[in-house]
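These notes open a run of structures that come right after.
Each of the next two complexes has subunit A plus one more chain, namely subunit B in the first and subunit C in the second.
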Partner chain A sequence: MWSLLQIELYKISRRPRTYIAFAAIMAIVLIFQFAFKADGQSYMNLMLQNVQDNFEIDRSKAINGYFMCYIILNTLLVQVPILVALIAGDAISGEANMGTLRLLLTKPVSRTKIILVKFIASFIFTIVLLIWMAIFALLVSMFVFGIDDMLIFRVKGDESQIMQITKDDVLWRYIAAFAYAAVALTVIAAMAILMSVFAENSIGPIVATVCIVIFFTIVSNLNVPIIDKNVKPYLFTSYLVGWKGFFYINANADGQPIKGSIENWPAIRNSLCILIGHIIIMLGIAVAAFNKKDILS
Partner chain B sequence: MNPIVEVKNLSKSYKEVDAVRNLSFSVNSGDVYGFLGQNGAGKSTTIRMLMTLIAPTEGTINIFGKTLHNHRNEILSRIGAVIEKPDVYKYLSAYDNLKLFAKISGVKPTRQMLMQQLEMVGLDQRWNSKVSTFSQGMKQRLGIAIALVHNPALIILDEPTNGLDPQGIADIRNLILNLSKLHGKTIIVSSHLLSEIELIANRMIIIHKGEKIVEGDVQELLDPSKNIVQIETTNNEAAKQIIALSNFTEEVKQSHQHLHMQMNKNRVPDLIKYLSDKNVAIISVQSKHSLEDYFLNLTKSN
Partner chain C sequence: MKSTFTKIACLFLLVGNSITTTAQDINVLVQNVKKKIEKVNDYEAEGTMKTNVAFLKIPIAKIKLYFKRPNLLKLKSEQGVSFMPKGAMSLNLNHLFANQQYVIIDGGNEKINNQLVRVAKLLPNDDNSEMVLSTIYIDPANEVIVKSKTTTKENGTYELNMYYGKYIGFGLPDKILFSFNAKDYKLPKGITFDFDDGSSQKAKTPIAKNKKGQAEIYIKRYLINKGLSEKNFQ
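Our next item is the complex of A and B:
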């Protein structure tokens, strides 16, 4: 298994398309950082328009490395599934398209093992992609913008809120958020691999995965009571942004944030369980379908 | 002789199409076994079933004395195959492809071993070139090197000379003969060219529309004194049983409306009389001069 995984990672590392994802993330993050360095204050003023007047903020320190990372993650974690689908969607169908699947399956390796290895390789790719993102979005932002208390803008019901997290209480939340994002993106990888089993070229599974993510995300964001109750709980996209929960903190009776607290840990835990459930189900279907598939390519 | 491959009553159906029908054959240790049939006859489907790429609808496959279905990995570790086009990773070099597939085959490759393998197929000078720069012939040779890298006892080559120039065809032919004679490998080679099979195989099978037409020693099958006789009767099932119990031929095959058998042409009148005596009326009898003519006619008719 380890030897197969090494081979799979080697193959991924030798494909030029792998590096598109890394280049795209780097470019987007650097553009964000440049824009906020040049005129971040305008954005901050816009965000603070709707906030109550009695909240005192030192606006010069509000745009810092932690805040920047939060803004970047908010934007990028919607796009990154596409990058994950680009690799995972190619896992089986790319081999079928090249004709190498035929050769691979004449070797003494079970089909289940091949799917699992490709899934683990896609998972590792996702982790490396997130580490890459953490380096640019968090570490580079900390270096460029400095470190200070972090402001979180949040819309809860009809009202806008601002929460302030002290700078010594932020880093662990990012580690937890990136770990959560890894699980969420692994759902995308499992889905792309499942699609990949049924296709003979890479484009189909990649496009299908992206379309499903977009469609489900739109449904997840609809504010219709019947959908809220009957549809959203079953869509994995409803839980993709659950990482934000690590930045929603409890306040004491005086309205002061409680250091180290998480507002709704059970909801995060529940979301993680649902995401992991999706991974297991999709991977299970992929293994069963691949084992029954006639290789005609 | 010890059969290495035993296929019994193998069938594969796709919705309304029967790609392979009730096919049985055996390959003995040390054979170069020709798998002959025109395009679409069911050769590749059968070979894919031997390599577990396609699941049979019915039938059993035993290789090295074990059931393929139950001992897949153990059996495949002793087989090397090139199925149709020798597709490999184009973005990797010949050396890297060979190393990668050696590892997947369970071999711990050394540089010396891989270079020897590449030298055997004449690719040692291009070991570090990306496969995307290779000609079809070079890819075919690399495919064969990959098939041989784990020193398999059984080698399966599906149309190995397709797309090759005359020199390439000769090289592959010599390689197959060397593998058989010098290394004692058992080899199954499929082709749609009888002339090609005739040059390299000692035993062969001809399949047509997914069914076996004839199987046996190449020299015997191509014996010009023996004809292929094709008969249509009012009751082919009964005729088949009656002929099978007689001494006119060793094997009777049934396909569609006809019975086929290899026999001495001088005995055809006796066969007709024999069937008439058993109350089986003959509708038509056709005698082909030789297996080659018969195969050419099959090819022409399609």
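Our next item is the complex of A and C:
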């Protein structure tokens, strides 16, 4: 199993497209950092709106490394699934396309093991991608913008809120958020592998996965009450942003944030369970389908 | 008939005299309060501020309050990102008396927390004054302002409730409740890509939207008349 995994990781590392993901993340993060360094006040003005009529806010302190990372993740975690699909969608179909799949299956290794190894390799790729993102979005932002208390802007039902998390209460939330994001992106990897089982070339599963993610994400964010109630809970994309739950800090009766608290841990836990359930189901279907598949290529 | 007329005339005289006496009293009282406040040329105060606004979840801030006569006042947070109420200028009671040109109207007596207070309304003579009207509630025994309501042209109404302790001799409060009009805060839906954890559906019952914001300021210590650099006000 270990040697198989090494081979898979070697294959991923030899593909030029693997590095597209890392380059894309680096470019997007650096552009964001540049934009906020140059004119972050405009964004802050938009978010603070008429709060500035009542309060004097030190906006330069508010735009700090922690805040920047949150903004970058907010944007990137919509695009990163595409980058994960780029690798995972190629796992089986890439072999089929190159004609190496039949050769691979002549080896004394079960098909289940092959699927699992490809899944683990995609998972490792996802983790490395997230670490890369953490280095640029969090560590570089902390270095460039410094650290201070973090402001979270949130729309909760019909209300809008501004939450402030003290700087000594932020880092563990990012660690938890990145761990959650790893699970969320693994769902995409599992889905791309499932698509990959049914395809003979890489483009199909990659495009199909991306289309599903984009379509479901749009539906998840439509904010139409009937969809919110009847459709949204059944879309896995609704749970991809669950990492934000770690930043929704609980407050006491006076409205003061409680250090180290999370407003709704059961909701995050349920979301995690739903995502893990999706991984298991999709991987299960992929294994079953691959075991029954007549390999002709 | 003549005697009835004389009685009515006497009654008017008495009432008139009593009104004049009260008006003089309130003028004297306001002047005494002003004198007490003017004993302080500058101060540096340390304390904490708790902000109560419906849409804000922010921690209690450690603050420093700087004042220098005649009208310099700065409220600063010692750490972190701070939300300092803009009407904090009204924490400076000197600003009420900064412009000598105002009319004092006697508002009579009232009770605040079972304490009898005198009410004075200050009306600025200057049409261009930012302050439209200020009502001050004076503790006549200690000659300190326990409450003030100031209506401004641009920034609504500010209300101060002040509680005194060991700095009462300087007319400086230990605790200040500062109320102000807080505008509603509403972000467009979808702009923040929020995680819907279901809590918004549970809280569908209408929430009373409190448009009043309040800052509770607790002062631990004052450093009075030690000389302050103007750098503190930048």
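One rule holds in what follows: the second predicted complex is superposed on the first by the 287 of 297 C-alpha atoms of A that agree within 3 Å, B and C clash if a C-alpha of one lies under 4 Å from a C-alpha of the other, contacts with A are read in each partner's own complex, and residues count from 1 in each chain.
Rule of thumb we're sticking to: a residue touches a chain if its C-beta (ideal position, glycine included) is under 8 Å from a C-beta of that chain, and two chains touch if they have at least 3 such contacts.
Computed from a predicted structure; not experimentally measured.
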Message = One more residue to check, A:Val241. First (subunit B), second (subunit C), both or neither?
response = second
Task = State whether subunit B or subunit C is in contact with more residues of subunit A in the superposed arrangement.
result = C
Request  = Classify the contacts of A:Lys107 with the two partner chains as first (subunit B alone), second (subunit C alone), both, or neither.
outcome  = first
Ask   = Where does A:Met163 make contact in the superposed view: on subunit B (first), on subunit C (second), on both, or on neither?
value = second
Ask   = Given the touch rule stated above, what does A:Ala24 touch, subunit B (first), subunit C (second), both, or neither?
value = neither
Message = Quick check on the superposed pair: does A:Asp228 touch subunit B, subunit C, both, or neither? Answer first, second, both or neither.
response = second
Task = In the overlay, answer first, second, both or neither for which of subunit B and subunit C A:Ile124 touches.
result = neither
Request  = Identify the partner contact of A:Asn74: answer first if only subunit B is touched, second if only subunit C is, both if each is, neither if none is.
outcome  = second
Ask   = Which residues form the common part of the subunit A surface touched by subunit B and by subunit C?
value = none
Request  = Using the touch rule from the top, collect the residues of subunit C that touch subunit A in their complex.
outcome  = 50-60, 77, 80-87, 155, 180-201, 203-204, 207, 213
Inquiry  = Considering only the defined contacts, which subunit A positions touch subunit C in the complex?
reply    = 47, 49-51, 53-58, 61-62, 74, 78, 148-149, 151, 153-164, 166-167, 221, 223, 228, 232, 238, 241-245, 248-249, 251, 254-257, 259, 263-264, 267-268, 271
Key: Touching residues (chain side subunit B, partner subunit A) in the complex   = 48, 51-55, 72-74, 76-77, 79, 81, 83-92, 100-101, 103-106, 143, 146
Key: Residues of subunit A touching subunit B in the complex   = 3-4, 7, 10-11, 14-16, 98-100, 102-110, 292, 294-296
